[in-house]
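Two complexes, one shared chain (chain A), two partners (chain B, chain C).
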Partner chain A sequence: MPMRRERVPIPFVVLAAIGAAFFIVPLIGLIVRTPWRDSITALTAPETVEALKLSLVASLSATAVGLVLGVPLAWIYARVEFPGRDLLRALTTLPMVLSPVVGGIALLLAFGRRGLVGSWLNSTFGVTLPFTTAGVVMAETFVAMPFLILTVEAGLRSMDRRYEEAARALGASRWRVFTRVTLPLIGPSLFAGAVLCWARALGEFGATITFAGNFPGVTQTMPLAVYLLVETNQEASYILSLVMLLISLVVLVGLRHRWLGSA
Partner chain B sequence: MSLDASIQLTLGPLDLKMEIAIDEGEVVALLGPNGAGKTTLLRAIAGLVPFQSGHVRLDGAILEDTATNQYVPTERRPIGFVFQDYLLFPHLNVVDNVAFGLRSRGTPRAAAADRAMQWLDRVGLKNYARAKPAELSGGQRQRVALARALAPDPRLLLLDEPLAALDATTRAGVRRDLKRHLASFKGIRLVVTHDPLEAVALADRLIVMEQGRLVQTGTPAEVTERPRSQYVADLVGVNLIRGEADDGLVKVAGGSVVAAAGAESGEVFVVIHPRAVGIHRNHPEGSPRNVWRGRASNIELMGNRVRVRIDGEVPLVAEVTPAALKELDLVEGGEVWISFKATEVGVYPA
Partner chain C sequence: MHSRVSLLIVAAAFLAACGGSSAAGTLSPTPLSGTISVFAAASLTASFTALGVSFRTANPGVAVKFNYAGSPTLVTQIEQGAPADVFASADTPNMDKLTADGYTSGTSRVFAHNQLEIVVAPGNPKGITGLADLAKPGVIYITEAPTVPAGKYSLQALASASVKVTPKSLETSVTAVMSKIELGEADAGIVYTTDVTAAGNKVAGVQIQAANNVIASYPMAAVKGTANSAVADAFIAYVLSSKGQSTLATFGFLPAA
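Up next, the complex of A and B:
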């Protein structure tokens, strides 16, 4: 049956067009003003390569930490009822709406050299976290893991739990049920959560610069490098910005079914 | 060698209190309307639903006992479970599905795959070993589910509505295969169904439950001959009335009296086959002892017979031929007389 086309009110079209342009014009600006012929030089400059490498290592590490700690947390949110669960969930997803700089300060107060846990870590193990690569990973995990937790929890809640019962009736231990049935069945959510977490970690700026500083080769990730380059070498900053834009675009296009809910 | 379960639980609107005992070699069908608690009982036996009090014993070994606080988790019970929608793991191919139980119980990979292939051969699906469940037809999925449940060699096989997910055209064939496979399995077999045809076709014994309670148990013939609830009577298609017998007369609800040859005394069920009920436009002449006035409230063609529901002192269903109906010139709402002989009435203690 052919669908009757609905008439769209003109003011809506105008406002929607302005709204869309608001996002698209900056992207065009970036593409138009990027000095393409210098791109190879800018991308292969040692400090760029270093920042890119650090960004990849830190964001992938943050994703790995997110998976190891976030999946069990999501499982508990989805499967265990306990008092204060909603409060706990709110606390662990707070970084999604919190200013990352505030997150960075909070991390400093907890894990800084004089922080609540940090002073103990320092005096007992001689470990310092702020202003180290490990600190970058912590800052990125802090900001990005909530995306993974929420996505995986939603996946766990919507999966048909009777498959787990079927596995148990076939003699599968709790662990085997989880690894051979639950995880594969929530595979798409797990993947989407991990990619979201990784993309968010890759773009992380505020918490990283606050908690880990901006030391080339140690804590200077791509967004931090771009920020510095805006002052010193604008054209290079455009190129790096475009690289990050492309990464985000690929993630978004790859996961579009998730957002549109048509997976 | 037997299953012995006594289970009492409440779950939402369901208040379940059942005791069942099944011997080795028996195929038992748990029959009842939707919401009777059949599936819940099956799940409780499997350890998937906790119960308030009772026990489950299999071959004398305690699987669960609330009195002594014993509980063997589902994964350590020697059971096979065929779920209603089969629940084949969608991410595993057919042979991995069938091998899952063996692998879970520690069989090495190669041996498990071998055994799984043998099972697929047995259910005629060897060529589908590498297919994903989504590529199979409903009947094929049912066979995979059965093979998966039987591969680990359980002592007790539980089947929850094994044919409900199939369409009518394939059901008869799959039912025949299922009967054959059930016959070759040597453990205890318990099938949940709401379909009397399925129950009678598959089982040696029926356990009828309604609203969480046992209503009746016996061979299919015993149950169909002597229904003990309206539900069973409706399934079988007979009129069932409960009453107080006294020397050939049964006083039923509403004060009417049914003449029933052989009625002695006490609470009884009265069963009257619709074919034994005659319909007349005028007061019938002759011998029938039971004659009432009534009103035809519903006329329904069933194959080559017509079922007429008649409201009156005692509501009854009568079955006549279409020709007889035409002769009576009967429409819904029409006044009629009904009659049946005292010798056509079955009576047995309630």
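Up next, the complex of A and C:
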């Protein structure tokens, strides 16, 4: 469908250009300073491959956990009236504004070896989460899931509920309506939420290093590896950062039409 | 930790106020004035803040601003044009880098030494007596990444004691190791003596045998192109003076010479 050409007010163009430049100029700065000759060496270094692999596994796991736990939460926020709903929603989206390092400390106080729940996990099951890959997934989920919850809730609120009512009237069970009618209808929001959640998890740094620590192959994700490289080998850190950017860019551009759905 | 540190700061300021004027007189015949920015290693946060207060008391016309971060970060900031007048590094390689790149004026001077110490929970529940115990089964040992000076030193100390141990985590700073010990997530870590001193009764320290310990040197220098070299030089001289040295000693630093 061809887009209708609109007359754009000049001030808008100017401000929009400044806004776009604000994001693009730092990127150019990074690209200009990157020593491309060394990129193969930096990218094939075993530590890089290890960190990249761990980043992908952990961020995808965090997205999966986010979907399993976040979609029901979003559904309840969108469909159920109960006292304290706004407060609960605020609490479950708090990590969006919380400093991730503070989030990591909070996770330690809850799930650490001496934490509220963690000490019980430790004494009953012998499970300790800090310094493990599971700890990385937890930290990433904590920070990234709110993006999924809010996006899916918005999708649920804006969908046409008459389809659900019709399906119910025709005798479909609640579960069947949810899986066959609701989920497909909010598909684009679900997708957008999952992609946002994944992208946030992929870039997660503060909560991860605070809660899970930093050890190659176990808890050292790409952002952590990049942070340490900045202090010793800045050029290599530029290359790794650009790889992260490229991965995210490909995903965001490639999926744009899927998650903007009707656009 | 904060209350203890602030007590020290107040004490240092008080000491300086009692006899500050004579020190200022010997440092500079004409009264100093103006503001300087001191870029100092993160491990100097408490001690340099105290030094700044007493330096100011001794020289009422000056103001000292501090920017604390890891030494490599500070080098990057200065080389990218941040307005620094004095740089105080936690190790010599970072100072050497800044000097080699032509950003310091005059020669750098070592103003303090620091040494490593094992940090454990209060009461030392795991009964750690030295580096060898870090490798005991059931001990969660963490340290700094080798890119951080303290992490590099801890590797040197372990190698000299022939101890082979795999840390659970390579933290990005000494303060991160300290907080994980304070929270009880790890049983033992290697940090500087000054960090153990600053944490007070929240942690306990286990000394490392002198034969295996690593002594870290802290050099400082004026930054080339400083707008106020008189105050910058005076601050460096103050840190090296007996008054400055005794303040550093209260924070656990070893003397410059």
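Keep this in mind: the second predicted complex is superposed on the first by the 226 of 263 C-alpha atoms of A that agree within 3 Å, B and C clash if a C-alpha of one lies under 4 Å from a C-alpha of the other, contacts with A are read in each partner's own complex, and residues count from 1 in each chain.
The definition used in the following text is that a residue touches a chain if its C-beta (ideal position, glycine included) is under 8 Å from a C-beta of that chain, and two chains touch if they have at least 3 such contacts.
As the structure is a prediction and not an experimental result, all values here were calculated from the model.
Within the superposed three-chain model, A:R168 lies in touch with chain B and out of touch with chain C [touch as defined at top]. Once chain A of one complex is fitted onto chain A of the other, the partner contacts of A:R176 are limited to chain B, with no touch recorded for chain C.
When the two structures are aligned on the shared chain, A:L108 is found in touch with chain C, with no touch to chain B.
In the overlay built on the shared chain, the residue A:L185 is in contact with chain B alone; chain C does not reach it. Across the two superposed structures, the residue set of chain A contacted by chain B and also by chain C is empty. Against chain C, in their complex, chain A makes its touches with residues 105, 108-109, 112-114, 130-131, 209-210, 213-216, 219-220, 224, 227-229, 231-232, 234.
Of all the residues in chain A, the ones that touch chain B in their complex are 160, 162-163, 165-174, 176-177, 180-181, 184-185, 187. Residues of chain B that touch chain A in their complex: 43, 46, 48, 73-76, 79-81, 83, 85, 87, 89-91, 100-101, 104-105, 148-149, 152. Residues of chain C touching chain A in their complex: 70, 72-73, 76, 140, 142, 145, 147-148, 167-172, 176, 179-180, 183-185.
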